[in-house]
Structure formats: structure tokens, C-alpha cells
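Per-chain residue numbering starts at 1, and chain names A, B, C and D are given in the order in which the chains are listed.
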Amino acid sequence: MKIIADLCVIPLGIGVSVSAEIAVCERILHEAGLKTSLHAYGTNIEGEWDEVFAAVKRCHEALHAQGVPRISSNMRFGTRIDREQNMEDKVRSVEEKLQER
Amino acid sequence: MKIIADLCVIPLGIGVSVSAEIAVCERILHEAGLKTSLHAYGTNIEGEWDEVFAAVKRCHEALHAQGVPRISSNMRFGTRIDREQNMEDKVRSVEEKLQER
Amino acid sequence: MKIIADLCVIPLGIGVSVSAEIAVCERILHEAGLKTSLHAYGTNIEGEWDEVFAAVKRCHEALHAQGVPRISSNMRFGTRIDREQNMEDKVRSVEEKLQER
Amino acid sequence: MKIIADLCVIPLGIGVSVSAEIAVCERILHEAGLKTSLHAYGTNIEGEWDEVFAAVKRCHEALHAQGVPRISSNMRFGTRIDREQNMEDKVRSVEEKLQER
């Protein structure tokens, strides 16, 4: 089962700056071979369900292993069986509608 | 790794009423032996990481198997290594602060 | 326009414990006269759109005023025009489906 | 109070395809003069608190006005008082960390 997801990891107890921890997660997602796209409030991820969630688990494990005491993540994830769709399709589909007017 | 999570499953393409599909997910979470608490905009879930996400996957699989064409879920999930905490602790901790004033 | 919402406020830069800050938000929501229900990963809120979001804004303002440097909230909010529905209806509707089997 | 947000609008009761409705929201956000960036699972938004949430309200109102019976949105929104930050800063900050290794 393929999913398109969007992950936002929020490390707590390490101060206001969290970009180093987000970078750790980005590396883990890339090393997992997942298609990703970083944006200003999370990361788009496309892949097989098990691979995506295994990588998300490694993100939490890696941050805790380097001392982050608490993590509160939030994630959107979508699956569909009516047709195949990738991340680019989703954006393109909206952009086409925007140009129609 | 234990997590406390909150899951909101949104089935698409089946009309405005989605309570029957949420009930299917509730049964799956209960059958997985997870501690859960249904509220007006999701379900609190407490358990081991792998068991929680395996059950969430079964929710998507079960809804698709009964014909739901598309699902867009969103989920919060927290882990911590500084101390143990369960769902009741989290609520009690806030309620204690509310009574202090 | 009435909404049913679920708010999760995450204060950053104040350490791992955030229950005192959540309690501040709870008081603000109550003082706004909104119907709320605290759970283990957020707070259900029911009310008029403008009143709900005005109260959420006051939560951010109050936490910053007491020194919280950064806040990352996430919120679900639903509106519908097909029929009236309150927080209890949503839970009851799922529970009825659970008892049907 | 400035916020950086990420909005995901999910129209219910109109079938599986929702890109036309997302395009309506995109137009509303642009017409509001907000800085936005569409991605595969939502839209980044940067602006003043009141302007951002007024535009989000217009998205719900516009979709209901054209017949969408139910909408379930979810949104992340962050505020900070320790320093100024825009959407590009957030992405750049992570990318710099990724190149450090």
C-alpha cells in the first residue's frame, strides 16, 4: 500500500531551535530511499506504507539516542485505491485548475 | 518505544457521513489490544510503536477492502525518554494545574 | 459558522513539561464561554468560528506574554452545512455504530 | 502577531477528487495578499495572524457556498517572539545543517 504523507517532527526540551534535529530526520528519510520534499512546515514523503513508517520510527529513535527527551510529531497520510497518484500529480492537479479560470 | 497518539481518519468518496467507517477503525484498535479513548475529533491511542502503527495500517486496509476509495488521515504521536507517562497522566497533569489557581 | 475543532498547543523552549501552559490555554477557552473537552492529546472545542479562533489567538498571546518564546500548534476544524451537529453527536454516532454489530 | 502556517483543507461529500476545491482555496489565499507555497499535502502560509485566519474562514465559506456540504481542515501554525523568521528561513536553516556534515 503506497502512501503520500507529510511529517512534522517537533523535538521538546532542547530549546527553541530545532533545525539540526529536522536535518537528522531528513537524512534518515533520504537514506531510506524515500521520495521527499522539505517545505517550511514539514516534509512530504512518498513511498510504501511500511517503509515510510519504519523511517519515521528511526527519526524518533535517532533523536532520542542523541538526547532529545521528548518528541511530538504530527503527520498527514493518504492512501487511495481508485487510481495511482504521486506527489507531483497532486500539485499539478491543483495548478491546472488554477490556470483554467 | 511506547507512544501516546491521536488518530483522525477521514474517508473520502463515500459521502458526508463517516461514523460507520470510524466505528470500523475503533473495532480494529480495540481488537489490537490497544488502550484507546474516542473523542469528538479523533481517538487517543496508547501502546507500543509497532503495535499502534500496525493497527492504523489495518484501519486503512479494512476501509479500502470494504470499498472506501480514498482516505486522508492525520495523527499526532509523542514519545519521551525522560519518564514514563500514560494518557491519564497527561490529562491529570493539566487538571492539577487548573486547580492550583 | 459553527465549528467543531481540536486544538493541540506545543510550547517550545521551556523544557519538557508543558502542562502548566496547556492549563493556561484551558482557562482562556473556558473564559471565552466555549464548550471544550480536554483529552490526552488536545482539546475538543465547539463554538462559533470567530469566537473559537479569537480564543486560540489569546492562547498564543498569553503564553508569549508569560515568556514562552515559540509555539507550534496544530488544529483540526470542521464545518458542515448539511445538518447541525455537536461534539456529543459525533461521539454518539460512532458509539451507536459500534453497538450495532 | 505574525504566523507561519500550513493548511490542509479536506472537502467531504463531493467524491474522491478535491483538487478543484483546493484551487478555490489557493485563489482566496492569493487574493488575500498572503505569501503561500503549495505542496503535495497542503499549503504553507505566512502572514499576520488575523489576515491568515480571515482567509482560511473565507476558504470554508466559499466551498460551502458552492455546495460542499462538509469540510474537515487541519492546520499547523507557529508563532515566536525570540526572533523574526520567514518561510524561506525555516527551509534554509535545515538545508544548511544538511550540508554541514
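In the analysis below, a residue touches a chain if its C-beta (ideal position, glycine included) is under 8 Å from a C-beta of that chain, and two chains touch if they have at least 3 such contacts.
All values reported here derive from a predicted model rather than from experimental measurement.
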- A-C compared against C-D, more contacting pairs: C-D
- Can you spot which of B-C, C-D or A-D is a repeat of the A-B interface, where more than half the contact pairs line up? C-D
- Rounded to the nearest Å, the gap between Cα centres of subunit A and subunit D is 17
- Query: When the C-alpha atoms of subunit A and subunit C are each averaged to a single point, how far apart are the two points in Å?
  - Reply: 25
- Query: From the C-alpha centre of subunit C to that of subunit D, how far is it in Å?
  - Reply: 19
- Query: At which residue positions does subunit D touch at least two other chains?
  - Reply: 8, 13, 16, 69-70, 72, 74, 76, 78, 80, 82
- Message: Applying the document's contact rule, which stretches of subunit C touch subunit A when the two form their complex?
- Response: 8, 10, 12-13, 15-16, 18, 69-70, 72, 74
- Message: Which stretch or stretches of subunit C touch subunit D in the complex?
- Response: 1, 13, 49-50, 53, 57, 60-61, 64, 69-82
- Task: Would you tell me which residues of subunit B are touching subunit C in their complex?
- Result: 4-6, 8, 16-17, 19-20, 22-23, 26-27, 37-42, 44, 46, 74, 76, 78, 80, 82, 87-88, 90-91, 93-98, 100-101
